[in-house]
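What follows is a single structure, written as structure tokens, with notes after it.
As written, the chains take the letters A, B and C, and residue 1 is the first residue of each chain.
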Amino acid sequence: MQLSREDLLKAYRRMVMIREFEEAVHEEFSAGSIPGFVHLYAGEEASGVGVCMHLNDNDYIASTHRGHGHCLAKDCDEHAMMLEIFGKKDGLCGGKGGSMHIADLSKGMMGANGIVGGGPPLICGAALTAKTLKNGGVAVAFVGDGASNQGTVFESYNLAKVWNLPAIFVVEDNGYAEATSSRYSVAGSQVARGKAFDIPAIEVDGSDFFAVWEAAREAVERARNGGGPSLIHSRVLRYYGHFEGDAMTYRPADEVANYRANKDPLMLFRRRVTEAGLLEGSALDEIDRSVKDRIAQCVVQAKAAPEPTEADLLTDVYISY
Amino acid sequence: MAKKSYRQAISEALSQEMERDPTIVIMGEDIAGGAGAEGEQDAWGGPLGVTKGLYTKFGPDRVLDTPITESGFIGAAVGAAASGLRPVAELMFVDFMGVCFDQIFNQAAKFKYMFGGKAKTPVVIRTMYGAGFRAASQHSQCLYNVFTHIPGLKVALPSNPYEAKGLLIQAIRDDDPVIFFEHKAMYDMEGEVPDETYAIPFGQANVTREGDDATIIAFGRMVNFANTVADKLSKDGITCTVVDPRTTSPLDTETILETAAETGRVVVVDEAHPRCNMATDVSALICQEAFDKLKAPIKMVTAPHAPVPFSAALEDLYIPSMDKIEAAVRSVTGKSH
Amino acid sequence: MSEIQTIVMPKWGLAMQEGMLAAWHVEEGATVSKGQEIADIETSKIANAFESPVSGKLRRILVTGGETVPVGALLGVVADDSVSDAEISSFVDDFQAKFAEQLAASASEKGPEPETVEVAGQRIRYLQIGDGAGTPIVLIHGYGGDLNNFLFNQPALAEKHTTYAIDLPGHGGSTKDVGEADIAGQAKTVLGFLDAKGIQKAHLVGHSMGGGVSLYLATHHPDRVASATLLAPAGLGPDISMEYINGFIEASRRKKLEPILQMLVAKPEMVTGDMVEDVLKFKRLDGVDAALKKVRDAVFAGGKQALSLRDQLGSVKVPVQVIWGTQDKIVPAKHSEGLPGSVKVTTFDDAGHLIHMEKAAEVNQAILAFAAAD
């Protein structure tokens, strides 16, 4: 299977969207206009997009604290997302979820999750739904290297294998669980962990869109064909701190600069497609420009959008009570 | 109407609802019992036989034995509910909430709110609670008060077989997450249960006795204790109203306040530990809203602030007894022996 | 005459196993007469006045107010003064000993239970009591009711006749898919029931809407009807309390339903908490709400009775009697006025719509007398 020109443009557009979105949130958070905690996905774009390019609205994903990128990769509306992150009434979740719980079930996005390791059991459930209803759907749990040590993740590997679920676990290993290095916190290897459950597992360079895309293609195909779960260990790079405001004193001073200069996923993608003659630089430039404008517009609108009111405080607790 | 046990009533509700709606699946540890073993695949029906026969009737796609992995499968039930199924998961003992609570209170309970009203999570978690089985501290707790505290969850406590069938059917049809508490000492209790399906609405208390001298508000199994005490006291000329709230969330505050005001003398009976339980909750409600109607201080009859003991001698002392309930009623009415 | 007569806890309906003697209206030593209201008895289903089954001097009271005792338990002893106190004491001891034995023996015994029969694809529940050789009696309840509404009547009628109390479609334990919901459609179901049970002709006893059904059958199928006793029936005028009908449908809570059900009787205290709870249990069954609305819309369209058979009453070929309580708040007793002379009309001033419960003994006598005339 090959990526069409449309697919490539779409993938690039989504990655740029994530980058611009996160850079804008970074700026606005620093300026004090965004409340709460935010955890940015900048630098990890190729991983989420490489996986989600294989998914449609009937497929589910569960995300992490670092959920904006997965949302955008799953095609959630950037405008509604920006309003949500600003806590506004017309945000994607009515201003009640915010950055850490941003979700859109109509797009199969089962939520960022404030609980590390909260998503994988849920994704077993979404996969069970697909299997029971025989609708061909698959479900993907994104987890970080930190979450990979949670019991819920191991329980989910086991359950997905025992029930032969169309589930995919993507361990996005950015090297740090908050401030703690995965070299310290993770015993064994992610791939070996998958294999211990007899789950096909592969390690990929998460900065390389094409590597992720290919690994995910195989996993999704396996899941759709009744072949059960897969695990992808995606090594990614985190440009910002665990949360915004993190001074990152635990990281080498030049680490991020080095990544940005040599391992940037957008840069790698551009180089690959232009060198191969798949896309021309001008088309990519056009995407860069239009996305930048779009995000700038979203920020302006988010700032101007109305806050929720007292009447919204007690709605949406129950469907009926 | 046929006499059926609490166990049969629950099983019948599951079976009839599963026949009606193909999106209902049930899952739990040994709910079929025997998965992958060489003998019978439908061997157990749960440790107390509640789901026995459903595997044979509905097959492995709808009756799922799980590994012992409460976080995993309770979370899976929640995720399945959010994506289109109506799962009924069995958490064998509510004491095991400790290993899966996150999936219930941080995930299922909050989806609708956190996602701006756009989520629907129709999951039912059936769970066994209560003392009396000499099952000691980790298999005997009540804990419904803990779930009642969480916005987004509904909590049902059926007090007899009729209630069990009707409340479980409502739980299954309900679009919100419901924690359904089954008292382990009540599975063999028999009562009239219609063969037909029916749903008992949540948040509507059942007034099981009507009297003039005191109002007993009791929860779950304690409703039966309260009824027995009320019947006994009526022979001594003390008549009691007994209220079974049926669900602690939503709570029928209207009926509680009305019946409390009618007699002005209130006893609240709750098998849970005494701090932050339903008894304190209901007592606070009555004090806030109907203090001027009270003719005597409210009495609470609860278990003590101690883990559930193993020794039969101790456990019998631990469980709120009918004698204690009777003494409390006599005390609030001022009519001693 | 030195006979000792007993007054025992009556059995009101099959489900009744015990009753509470709420209060005596008479004291020990009083002279009571048969039919006199001597006590109030409460069962889990209903509270009602208890009429003395015998006449004479009440020599001994064995159960005091507020006590709950099993059906058949000795409440009092009636005997004239020629019987000594010692004789009465020994009689009582003897009775109590035998009664205890009987109670133990009957614990495992089962009385008659409702059965079901298929009528034109619908499941119809009925209760058969008695196996008399004469023409059977078929009892048909009213809107929202069921076969248990005849709990004070069926056992008495069954002493002389085979009796069948049925649940109309949408009611009791019958199928909740009502099909043709108007009175003609319901009458078709009753005919189908008669066919299914091989009943050529029956004495029909119908209450309220069931009275309308009975009247419909008497006018349209006189060959199948031996007589018709119509208790506060539909079909004789336009009026119907929609406050009751709609209230019955809408009330889903005890507090709301209780005053609605109290409209049925002259003395509201007759309605017990358990009676309200039983109706709520019925209303909770899947399909009942839709059935009740469908029947309402067919039988009481626009808030009026859809069917009037008053004009046909004069030419009806079978004996018809009408019994009404003048305090009826559901179907007014004035519908019993101006009926043709061929129709026997009995009214009671101190009764409401549930005339067969409120005046059970009188209604039973009237039915038996009417049925005996054929």
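The rule is short, and it goes like this: a contact is a pair of C-beta atoms (placed from the backbone, for glycine too) under 8 Å apart; a residue touches a chain by one contact, two chains touch by 3 or more.
The shown structure was predicted, so the numbers you read here are calculated from the model rather than taken from an experiment.
Asks: Provide the labels of all chains in contact with chain A and in contact with chain B.
Replies: Common contact partners of chain A and chain B, which must touch each of the two, are absent.
Asks: With centres defined by CA atoms only, which chain is the most remote from chain A?
Replies: Taking each chain's C-alpha mean as its centre, the farthest from chain A is C.
Asks: Measuring centre to centre with CA averages, how many angstrom lie between chain A and chain B?
Replies: Computed value for the inter-centroid distance: 40 Å.
Asks: Between chain A and chain C, what distance separates the C-alpha centroids? Give it in angstrom.
Replies: Their C-alpha centroids are separated by 70 Å.
Asks: From the C-alpha centre of chain B to that of chain C, how far is it in Å?
Replies: Roughly 38 Å separates the two chain centres.
Asks: Quick check on chain B: which residues sit in contact with 2+ other chains?
Replies: Residues of chain B touching two or more partner chains: there are none.
Asks: For the complex, give me every residue of chain B touching chain A.
Replies: Those residues of chain B that touch chain A are 23, 25, 61-62, 64, 66-67, 69, 71-85, 87, 102-103, 106-107, 110-120, 151-152, 154, 174-176, 203, 250.
Asks: Which stretch or stretches of chain B touch chain C in the complex?
Replies: Its residues touching chain C are 1, 162, 166, 194, 196-201, 204, 206-207, 209-210, 234-235, 237, 255, 258.
Asks: For the complex, give me every residue of chain A touching chain B.
Replies: Those in contact with chain B are residues 60, 62, 84, 91-97, 101, 103-106, 110-111, 113-115, 118, 120-126, 128-130, 132-133, 139, 151-152, 155-156, 158-159, 162-163, 315-321.
Asks: Which part of chain C faces chain B closely enough to touch in the complex?
Replies: Going by the criterion above, the answer is residues 66-68, 173, 176, 252-255, 273, 277, 281, 284-287.
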